[in-house]
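Order as written gives the chain letters A, B, C and D; numbering starts at 1 within each chain.
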Amino acid sequence: MAMKKLINQPEALVSELLEGFAIAHEKKVRMEGSNLVVRAHPKATDKVALVTLGGSGHEPALSGFVGEGMLDISVPGEIFAAPGPPRVLEALRKANRDAGTLFVVLNHAGDVLSANLAMDMAKTEGLKVESVLTHEDISGGPRNEPEERRGLVGCLPVIKVAGAAAEMGKSLEECKAIAERMESNMATLALAVSGATHPSTGGVIAEIPDDIMVVGMGQHGEAGGGTQSLKSADETTDIMLTALIDDLTLKSGDNVLVLINGVGSTTLMELYIVLRRVKQGLAEKNITLARSLVGQYLTVQEMGGFQLCIARMDEELLALWDAPCDSPALTVK
Amino acid sequence: MAMKKLINQPEALVSELLEGFAIAHEKKVRMEGSNLVVRAHPKATDKVALVTLGGSGHEPALSGFVGEGMLDISVPGEIFAAPGPPRVLEALRKANRDAGTLFVVLNHAGDVLSANLAMDMAKTEGLKVESVLTHEDISGGPRNEPEERRGLVGCLPVIKVAGAAAEMGKSLEECKAIAERMESNMATLALAVSGATHPSTGGVIAEIPDDIMVVGMGQHGEAGGGTQSLKSADETTDIMLTALIDDLTLKSGDNVLVLINGVGSTTLMELYIVLRRVKQGLAEKNITLARSLVGQYLTVQEMGGFQLCIARMDEELLALWDAPCDSPALTVK
Amino acid sequence: MTLDYDGIAAMLRGGAALVRENQDLLSRLDSVGGDGDHGATMTRAMGCLEAVITADTTRDIKSLLHAVGWAILGVDGGAVGPLLGGFFMAMAPAAQGKTTLDAAELATVFEAGLAGVLKQTKARPGDKTMVDALQPAVDALRSAADAAATVHDALERAADAAEQGAKSTEGLQARFGRAKNIKEQSIGSPDAGATSISLLFRGFSRSVG
Amino acid sequence: MTLDYDGIAAMLRGGAALVRENQDLLSRLDSVGGDGDHGATMTRAMGCLEAVITADTTRDIKSLLHAVGWAILGVDGGAVGPLLGGFFMAMAPAAQGKTTLDAAELATVFEAGLAGVLKQTKARPGDKTMVDALQPAVDALRSAADAAATVHDALERAADAAEQGAKSTEGLQARFGRAKNIKEQSIGSPDAGATSISLLFRGFSRSVG
């Protein structure tokens, strides 16, 4: 796989992309301190702040979720690498307020280690911080072993509903409870059909033969069947949807949010075709597709495939999902 | 190039993708008549309507631009193929109102033929329709041969400003004048670094060797140099920007809108890096990057590359660009 | 000898059949400088044509031609839908009131169709488009009719002229359609649309007694 | 024989140098089940370590270790930044008030570092992580100190144990870090992080007289 990326020196990759990001979204975000992404129009300080951290190379995630009704600060790391605790601590200090800070962490080793160290330090300093860990990738392990499950695009609904709650003036405890309710009611499964190249090393990320697809990327596939022959959109969707419905034990009458996240070169055209099938599959089980979101939100460079995230919603979560927001990656009027 | 697309029967491609599109954006659009994409909340009929037509396979374009402050109706064709005049006429009839309809047409042979036939029929029927043709691809020919220039992503700013003008209640003549002012003040150049496959035929679209890139896709490259060795992000941007500045004869003190449209597998990361360089390049010439938009708006399946569109803006165009809108592909609060 | 409603229907079906048989060739030619869909689009257009003939109950030549044209216009198919659909639509008024067409009347009807195409596009012979086959075909039809040829012979000469016209596009550089974007690289293989027209006329002539 | 501030600095530099020399190997090992960046990240971490030593004017062992740890924490590098940075940070308090360290004191300081790592991760020996090298290395250091070995000998035995621990990961299945996602497929090549630790200790021992 030849690398045909429009980049300059690999060392400058992240700083250059953040520079462009800040230009592109100057009405919504700006850079402060040690490359922290903060809101251009900060939220009132009597409201709970939302902070997250994560590697770069997944644009628009995670810094694209900074904005009104979403995150207050994102700490972008190097390509695919968590930022170290000093910058995370800097973000927690900057966010610090009496209302407190909700710290959203995706379950990946580096992120969790860095987040925990920074959290410990922040608490030692007397900062009011609570964290919520997202781990909704059902291919990692069974539901009762949440530590085995990675955090994928499900961070977006968590940030969306917690961000909306914070914007409404809910307390840190309430925001945390909402984030956790959203988190524990969602499940994600990733499909990969083609690989990508690492933008700084040029190395191959996932080499997938021509006639093969992988359900539950990087897994052997308890859920979804893992490496298997390439199938049609409908067959593939059915496999993934069944696994997610099982995991969530969705029942007739449930209302769900469906998030179809393209991870790179898979087109919006394909994602729409998949959504169509998801709706059919849900309807067969009398489950209502209450809301949906289709697009590229958390990418893995030019990898082909998508993440299918399903979340059981209640009235409050739906209202928070519908609340206005204005971030580079998602604007709701 | 193996085709690894999540599709079902090629014949059903467009109807399935439109079905998913309508589900995903049910709050903003719906399908009516012969697969016409219309606004879920129609604009008041005393305001000018905006209609466009174009092939599918370029998602989110063009139907993704239907919504408040943008288009009223889009007529999607088959993959890469203009819809025939009967459906276009149906759209013009549906849009018909005393305020009149502005018909935005991208300069591609099939679209123009179909649009002209439908326009003639509509006028014969007494409908009040004016059209504006977009042709801003500078690689097609010199500025004084506009017929040679294709319409690329520049349709988006034209639709945005004309849509905002229509929403404000401006007359058909005023909307048309605004669209034409936007159109004649913009220039686009496309870069391709890797090809794609045609989703219905499986055929290859543009085979580009590993160490090669093409500036002015499909052209021999009077502007930009055409087929040439792969270069860094900055070098590539400089080549494209110089050609666009020349074409528009931009001068010190000018204010421009910069639109960087990823056409497929090129990542947002790369597009941001390019934007950063565009800003630097403009600043060197004392040209102000007044607004920018970065993302995938008009794609060519999973092709690698982007379209760089620069537009000279005046106060009114900037205000219209900033006006609120709410479409699947673009929401401005 | 003249063509009545059934004769015109048979002629159209014959043209459609030969075009359909050559779908792959047409797509291949279109993929040189175009987007490779010409065979698929023509096949859809010809399918519409056949469906219209089957469904038509007017037994009126003018109505049939109009319906065929409108149906082909409805084929989402880029350039060819409006051009070919417009061709048949434009033929219709010229057949007003006719229950049969002799060679001269057929030439008049085809001339009206050609005029409709030429109103839509600025392409002229030499620009490497379907016009390179269509214009000589219609001209040959008229000459043959003037020389008192039978309908069959007139259509055969039209087909010969279309074939030669299509062949001549091999040496030309495309100035219209998508293929114009590749400039000189379009030289060396015949135009897809012109080849379609040549096949269409050959199919017309073969199916007329 | 004891290590003073300069001795500790030399020890750290020696470890850093050997890790850096093996950047490509480390990245290669990480690309089996990880994301292939371990060599780059360790190189950045070791660069920070060297820069801190060069810049440090405290001549205080505790301060030096703390500064080294904090700097490595600041390396955006996934798992290794917090683990390795936390390792040095946790060593610092154990060196409180010491101007020199004998073998037993060195063991105490390293034990504190290990404890810091084990507080951060649930990984234990056998899980195919850096802990597979770190735990035996620190244990060996303590045993050697108990057996009254010199600082040099104690560090050499620690390096031997780390090397053996790293080698043993070849036969293990990863249960932590990114490599755990490929399950059994991680068996057959040693863990990248464990290999780093082995190289680090070998570098320590070589640079201590």
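Quick notes on this one:
Basically, a contact is a pair of C-beta atoms (placed from the backbone, for glycine too) under 8 Å apart; a residue touches a chain by one contact, two chains touch by 3 or more.
Bear in mind that the values here come from a model prediction, so they are computed numbers and not experimental data.
As a whole-number value, the distance joining the C-alpha centres of chain A and chain C reads 55 Å.
A separation of 79 Å divides the Cα centre of chain C from that of chain D. We define each chain's centre as the mean of its Cα atoms; on that basis chain A and chain B are separated by 29 Å. Multi-chain contact residues of chain D (touching two or more other chains): none found. Taken as a graph of touching chains, this assembly forms an open line, each chain in contact only with its neighbours along the path.
All chain pairs in contact, by the document's touch criterion: A-B, A-D, B-C.
Interface residues of chain A, counted against chain D in their complex, comprise 55, 77-87, 108-110, 113-114, 116-117, 140, 150, 198, 200-201, 203, 205, 218-220.
Interface residues of chain A facing chain B in the complex, by the touch rule stated above, are 2, 4-8, 13, 16-21, 23-24, 56-57, 59-60, 193-194, 199, 210-211, 213, 230, 232-234, 236-237, 264-276, 279, 289, 292-294, 296, 299, 301-302, 304, 306, 324, 326, 331-333. Of all the residues in chain C, the ones that touch chain B in their complex are 27, 31, 35-37, 40-41, 70, 72-83, 85-86, 120-121, 176-178, 180-184.
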